[in-house]
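Paired with chain B in one complex and with chain C in the other, chain A is shared by the two complexes that follow.
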Partner chain A sequence: MTAQEIHNILNDQFAGTILDAKLENVPDPFVKIAAEKILDVAVFVMNDERLQFDYLMCLSGVDYKGKLGVTYHLFSMTHKHKIVLKVEVPTETPNVPSVESVWKTANWHEREAFDLFGLNFEGHPDLRRILLPDDWEGHPLRKDYQTPEFYNGMKVPY
Partner chain B sequence: MGLLDQKFENSNIVVTTMDNLLNWARLSSLYQMQFGLACCAIEMMAASASNFDMMRFGVIPRATPRQCDVMIVSGTVTLKMASRIKRLYDQMPEPRYVISMGSCSNCGGPYWEHGYHVLKGVDRVIPVDVYVPGCPPRPEALIEGLIKLQEKIRNESSVQKKAV
Partner chain C sequence: MSETIEKIKTSTGHVLRTEEMVVNMGPQHPSTHGVLRLEVVLDGEIVVDVIPHLGYLHRCFEKHCEHMTSYQQVIPYVDRMDYVAAMTNEMAYVVAAEKLLKIEVPERVHYIRIIMSELQRIASHLIAIGTFGIDMGAFTPFLYYFRDREKILELFEMTCGARLLYNYIWIGGLSHDIPPQFVEKTKEFCTDFKKTLQEVNDLLNYNEIFIKRTANVGILPKDLAINYACSGPMLRGSGVNWDLRRDDPYTLYNKFEWDVIVGKGEMGTVGDVWDRNIVRQREMWESLRIIEQAIANIPEGDVQKAIPKRIRPVAGDAYGRIEGPRGELGFYIVAEESVTPYRIKARAPAFVNLSVINEISKGAMLADLVAIIGSIDIVLGEVDR
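After this line comes the complex of A and B, so read on.
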């Protein structure tokens, strides 16, 4: 199924929540969704027989300067088609519904996005830091992050 | 036995200093703590394997720090790991030595500029005796570092006070 057809199916089901799409001449065609609806969209694309996106390949956090975003790369094992879903949230209130109930692999991916960007996934059963130490302050992959001077008595800069 | 049993044909009484004997015993049987963190660990494994064979120098890897003499810190030391390295170093009994292998544990390596999570050199938490440069150092370079450590041990003296 082509990206245009997938976009049409999503538009029929969720008219109004599709904010943007880029489907031609890009290696990864994407569809931008409003952040509050991502869980409904995720349940739909997982269960609908024409789409059946049962494999979340990757969930990444992004920092567009001024806003934070999440990108979901989906693949269907039965139909062998791919799509990318994007959401954007403001940096002051980075709350995104968690899709962990749909794709279990999102458990660790969302923990990584929380650890490095500070995105708060609502409904995640165990949202805590996964890569950095538990008492680390700050979220390093944000664009305005400053390297700390000391961590637990050790000097951090060169 | 190597060299010692060829020297003395008539008698089997050897006269030497206590320092010589202890140093020779220590440098010939440096039990290594298996401490591979990242890519340098692969080169350390290659140095222990058949082509370069560190075991002929008496360097046997031991899993527990309580039974080893030398800790070869090979790989990137993150800030999360640094407190664990300090704890493991404290658990090693004296005389203990540290070889810092590779540029990440020497000075932070390729992560010196932007690595917010990397400890720029393991000598910020533990005292290091020998630094082996390279990214990663070839197994021969690691064995040269080991020989340099053996020369350092050969020149030690039990009556001379040490800094640490």
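After this line comes the complex of A and C, so read on.
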């Protein structure tokens, strides 16, 4: 199924939730979705007969300066088609519904995005830091991140 | 953890208190293949829960990338992610970057990249199976395999001067063309290596002790594997006929003839530890087939012709993925109009494959947990990045 057809199905099902889409002349066609609806969309694309996106390839956080984004790269093992979903939230209230209940692989990816970007995945069963120490302060991949001088008495910048 | 404490009376009349126990495994533990720490909840010898703790080898790879002054500068960092399969790491990053920049490379570059990737896949599987054998108490295959791995590393050293961290595959080309004797030596290697493969296959995989340790252990069902986005031998071991080289082809893999190896549950159940191991073992034969086809038909050409002088992409993003030795290795690159990458996310197969460990270890014995970790084939450099 082409990106255009996938977009049409999503548009029919979730009118008003699809904020933007770029389907041509880009390496990966993407559909931008209202952040609070991402779980509903995830459940739909996973279970819909025509789409069956059962494989979440990658979930990445991105800092767009002022906004935080999450990018979902989806793939269907049955139909062998892909789509990219994107959501954006304000940096001050970075709340995104967790899709862990749909794709279990999102568990660690979301923990990583929480760790490095401070994205708050609502409904995640175990949202804690994964790569950095539990007592680390701040979220390093944010563009305005300042490296702390000391961590537990140890000098940080080398 | 359950709070119940049972009291058991022994035949001598003594009262035994039983309760669940938390055992810390790692980060310095020979069977965790690096600095992985597992918090294991045990009921006697039975595993109740496994909580992995990562990050002991976190080197801020993604943060470093945002401070580069060129897209090419990322490549040496990429090498150090999965340090036993640096070639395929470079390949994945370069596939993603070339997708973003819309660069077409000469056919000769494709051929050499494929040969290098497949040699690297063999080298990586040799470590995986060799160390896994040690975990299971078989020391000999490790020695045989490391001897032959050294021959692959010599081929790499001959080509680019480095044994482990190559900086060889560049965006748009390669750092060096292959030396004149490379073709001959690679053919020689392919012939010699088949003997070792057959020998170790007979020694290890059908050894009764080995089968008893691995069959019906750590069973990963098909649906769970897909839901956890497992990939590589982990997914194929569960009976999913899936290989990115065939199903989402990159470079020129669709030109070659080879088979995708799938676990069939020959010794136990589909998706057990034995299956994952045998998939790696048989995949090496297929890699040899690809190498032999590629090495016989390398076209002529300039391997540096398509290397861009200055890389300044238009704003956008691209996700490129390849079939690494451990599975789907992907790079998500977000670019703005600048020479510095805006954001690079590495989708490391070992990271994703490891996340399923809790599901497949429940109910296993503690000793089987060692087998399960070995069969996932993690490299902590890649898990922690």
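By definition in this document, the second predicted complex is superposed on the first by the 158 of 158 C-alpha atoms of A that agree within 3 Å, B and C clash if a C-alpha of one lies under 4 Å from a C-alpha of the other, contacts with A are read in each partner's own complex, and residues count from 1 in each chain.
We take it that a contact is a pair of C-beta atoms (placed from the backbone, for glycine too) under 8 Å apart; a residue touches a chain by one contact, two chains touch by 3 or more.
Note that this is a predicted model, so its numbers are computed, not measured.
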item	value
Chain C versus chain B on the shared chain A, clash or fit after superposition	fit
Of chain C and chain B, partner touching more chain A residues	C
Touching partner for A:M154 - first (chain B), second (chain C), both, neither	first
Chain B versus chain C as contact partner of A:I18, first or second or both or neither	neither
After the two structures are overlaid on chain A, angle v-u-w for chain B, chain A, chain C in degrees (C-alpha centres, nearest 10)	40
Touched partner set for A:K80, first chain B, second chain C, both or neither	second
Touching partner for A:P140 - first (chain B), second (chain C), both, neither	both
Partner chain in contact with A:M1 - chain B first, chain C second, else both or neither	neither
Closest approach of chain C to chain B (Cα atoms, Å)	5
Common ground on chain A, meaning residues reached by chain C in one complex and by chain B in the other	132-133, 140
Residues on chain A engaged by chain C in the complex (per definition of touch)	26-28, 30, 54-58, 60-63, 71, 73, 77, 80, 84, 103-105, 107-109, 116, 129-133, 140-141
Residues on chain B engaged by chain A in the complex (per definition of touch)	79-80, 82-83, 107-108, 112-113, 116-117, 119-120, 124-125
Residues on chain A engaged by chain B in the complex (per definition of touch)	132-133, 140, 145, 147-148, 151-152, 154-158
For the chain C and chain A complex, residues of the former touching the latter	54-55, 58, 60, 62-63, 66, 99-100, 224, 226-229, 240, 242, 247-248, 316-319, 321, 328, 330, 332, 334, 343, 345, 347, 351-352, 355-356, 384-385
